[in-house]
Amino acid sequence: MDGTLALDLGWGTILAIKTLIVLAAIPAGAFILGYVFLLKMMSHMQSRLGPMDPGGFHGWFQLVGDGIKFLQKEDIMPAQADRRVFAIAPAIVVISTFLVFLVIPTGPDLIVKDLEVGVFYALAVSSLSVIGVLMAGWASANKFALLGALRAAAQLIAYELPLLLAVVGVVVQAQTMSLQGIVGAQQNGAIFGWDAIGNPFILTQFVGFALFLVAAQAELTQTPFDMPVAESELVSGYMVEYTGFRFLFFFIGEFGTAFAFSALAATLFLGGWAIPGVDDTGLANVLGPLVLFTKLMFVAFLMFWVRFTYPRLREDQLQAVAWKYLIPIGLANILVTGALKVAL
Amino acid sequence: MSDERASEAERSRASTAERAAAAGVSPAAVSEAMGEVDPSIYRHLADAQMNVELDTGDMILNLGPQHPATHGTLRLVVRLDGERVIAADPVIGYMHRGYEKLTEVRSYPQITTLINRIDWLSSFANEVPFIHGAELLMGIEAPPRAQYIRTILTELSRIATFLLFLGEMGLQVGALTPAFYGFRDREHVLNLIEAATGGRFHPNFNRIGGTKDDLPWGWVAETRNTMKVVLDACTDFDNLVAGNEIFEARTKGIGIIPGDVGAGYGVSGSNLRASGVDWDLRRDGKPYLVYPELDFKVWTHPDGDSFARYWVRLQETREAARMVIQMLDQLPAGPVMAKVPRIIKVPVGEVWVETENPLGQMGYYVISKGAIGPFRVKIRSASFSNVSILPWLLRGVYVPDVITILASLYFILGDIDR
Amino acid sequence: MAKPKLPGLIGGLGITFKTMLKGAVTVQYPHEREDPAPRARGVIALKEENCTVCMLCARECPDWCIYIEGHKEKRPPRREGGRERTVSILDRFDIDYALCMYCGICVEVCPFDALFWSPEYEYSEPDIAELLHDKDKLGEWMETVPEPEPLEAGAESKK
């Protein structure tokens, strides 16, 4: 932001502006994903239309109206709930999403903070939400919520590993953990000498991409890994006692995290904000966010497509998939990537 | 805690042994008969190290009566050890409407209207055994065209309810989309039933002596088209749900009912056929409607698990569509009502009629004392017996499997509680 | 166990994708209407001139939701020197649609063809007392009663 605008603002003001933009981006991103995929794409896959009336044009106002509705609801807490823990749990989930957004680059200069260990940091803070889930389930004083929270904890921790292993391949290939560096490596790389579209890592790391998508699906507790929120059994699992704006927090947290993971996947595997053929920083700063948005919508489309098609796996089958299949595949991927990196 | 449980187990075993000795049978038989859970399985069930060390004890979970998994107001009290079920107890009666008492004060046409609502998803099939019983008592037979129309409508209700089942079993297992496909394709069948009878869900079309009306113009052609749509929908379900590996992993090997145990509990219909028992009242029972003249296959499956029950119903939907096309080709011309007096008084007598309803075997025992209404009607509904196997079936399964098993048995609460 | 073989899982994805492109089957109700079949049991219409207050419909109704009141009046004889005729005049004929089961027994049982089915279904009211349709309202429904439709080939024609 500094070079483009040529304004002499102090670092504090710039930080404040960036934080506000990210804070606005989280619910906006959650609403966009929720509307396009949850309301419209799911409906069309089920031969129906979804909301059409709110807002006039294909019901775009539906989620905004839902948000307003949640805000004005009565704040109910179960009598035996642990009040403070109950109140803080949704905040933790949203905070972990917020922290992931801080390192995602949307343009050559448009990043809140380009950490040297960006990837490591992003994956680390995204696992904070497990604590929030456990807190929510325990503090609800409800057997169903407790069952959901315990399932969630086991699942989320189990699928952290495949997520990480999928990304290690990318890091090995890009030779840096900083997300801007990874985008740069894809933009400036070449596929066997042909550098017209750079070198998006999906071509060489297709195994990693698939692994990342599956693990992200599980991290977001989406079908086929939505045992914690099994709607036909536990009716929302750990979120069952949450109403009103607390539920809104969980909703924004869930879809905001989906937004963040899609953005991460787009950055790591599809090239992020890089547009083949555009080298001018100024133009890239303007077009970058749009390009990243398009790529992340594509990744999100894949994730939600799988979500609406498959039934859910049982808890033990879920764990078996993670420990017996995904982790060995991830390790093999790293091995092959490393070997090829040294050889070629 | 574990000492207490061990001593309680000892005491329970001792008392069972005493009772067994007094009756002269083995203790295991007494336990089975009393519905007791063998306490020695506690140790087997608590197989996770964490459970034994943390001594989580038994948690009693109430599934229902308001719950998305039970199709209506069924309450299932399960005792859990971690995620495994130790004992399950269905509590029914939340939807009891007193059908057998209602029939005592109404006439035959009025009762026909009411019994539509016992199994409301395949409502035409509920009327058939009752009207057939009344006709047997009166000694009249409906004309062939009426019999064909009745059979076609019965098979259409079978298709309607099975399409819903194919969709919502996917829903219970977690897939959101098949449920909508089930409802969407069912609309075509319901439109057909509405065009013929006037009501989508509650046709109220049978009368003693035949059917109320004849079919409207163009119905046969419309039905042929709809059967093609139904067969396409079945292919879709085959690919989307039955062929899905995740669905197979969730349903194969879950809730196995051995054929003899199922027959012993009174399980009937597709549930029994999925356990390998080749029994279909349309072919093996007393002949009714036009089934003796039709050429159809009875589908069975050797495993008795939830996947088998899904598969059998999928094949039966296809078979029903083929039967309807067969019947449309063979539809005879003629009247739809036999000669019956204006005020129908069924002569004195008793009759038992049972038919192969979509949910299983449904029967009516009608006692008539010569009035315009029956003296007493006893309704044997299929789901009541199907649900009776739950305490036996749900021992030792995981909580998600409970949902799968409930979905695969396919009971309707109106049928259980009447 | 849960090792994905390509065909089944991919086939499922294909079906949902195809359905997404095929378009929705929704009929957006207040803006578009679907017309039910002519035989659909929407509402019961009364043709008052045919009714002779025989009370058969009120008696046969399983829910006892038809309320009929009538009185007898004398009419002059048809021929000179004949007996005076008595006719029944219908005072009140109400059908309570809050109770009605839409079974059709009343329509079927009426010996004088005074009741007809109509596929009209848009008469819901915010006040439940408004669901008691009186004689005049039932007469208005007669306009929506469709013509008796032709029957399928092979049917015996109705007498």
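For reference, chains read A, B and C in written order, and residue numbers begin at 1 within each chain.
Rule of thumb we're sticking to: a contact is a pair of C-beta atoms (placed from the backbone, for glycine too) under 8 Å apart; a residue touches a chain by one contact, two chains touch by 3 or more.
In this text, all values refer to a predicted model and were calculated from it rather than measured experimentally.
K.L.:
What are the two chains with the top count of C-beta contact pairs?
P.N.:
B-C
K.L.:
Name the most central chain, where centre means the mean of Cα atoms.
P.N.:
Smallest centre-to-centre distance to the global C-alpha mean: chain B.
K.L.:
Averaging each chain's C-alpha atoms to get its centre, pick out the one most distant from chain B.
P.N.:
In terms of C-alpha centroids, the chain at the greatest distance from chain B is A.
K.L.:
Roughly how far is chain A from chain C, going centre to centre by Cα mean, in whole Å?
P.N.:
Centres of chain A and chain C (C-alpha means) sit 54 Å apart.
K.L.:
State, to the nearest whole Å, the distance from the C-alpha centre of chain A to the C-alpha centre of chain B.
P.N.:
Using C-alpha averages as centres, the distance is 44 Å.
K.L.:
Measure off the straight-line distance from the CA centroid of chain B to the CA centroid of chain C, and report it in whole Å.
P.N.:
31
K.L.:
Multi-chain contacts only, two chains or more: what residues does chain A have there?
P.N.:
Only 45-48, 308-310, 313, 317 qualify.
K.L.:
I need the residues of chain B touching at least two other chains; which ones are they?
P.N.:
177, 181, 184, 240-241, 244, 246, 249
K.L.:
Mark out which residues of chain C touch at least two other chains, giving numbers and ranges.
P.N.:
Those would be 1-3, 9, 12, 15-16, 19, 25.
K.L.:
Going by the contact rule set out above, which residues of chain A touch chain C in the complex?
P.N.:
Per the stated touch rule, the residues are 41, 43-49, 52, 305-306, 308-310, 313, 317-318, 320-321, 325.
K.L.:
How about chain C: which of its residues touch chain B in the complex?
P.N.:
1-5, 7-9, 11-12, 14-16, 19, 25, 36-41, 60, 62, 101-105, 108-109, 117, 149-156
K.L.:
Which of the residues in chain C end up touching chain A in this complex?
P.N.:
1-3, 9, 12-13, 15-17, 19-20, 22-26, 28
K.L.:
Using the touch definition up top, name the residues of chain B that touch chain C in the complex.
P.N.:
106-107, 109-110, 113-114, 145, 177, 181, 184, 187, 191, 194-199, 202, 204, 212-220, 236, 239-241, 243-246, 248-249, 331-336
K.L.:
Which residues of chain B touch chain A once you look at their complex with the stated criterion?
P.N.:
Touching chain A: residues 59, 61, 67-69, 83, 170-177, 180-181, 184, 240-241, 244, 246-247, 249-250, 398-401, 403 of chain B.
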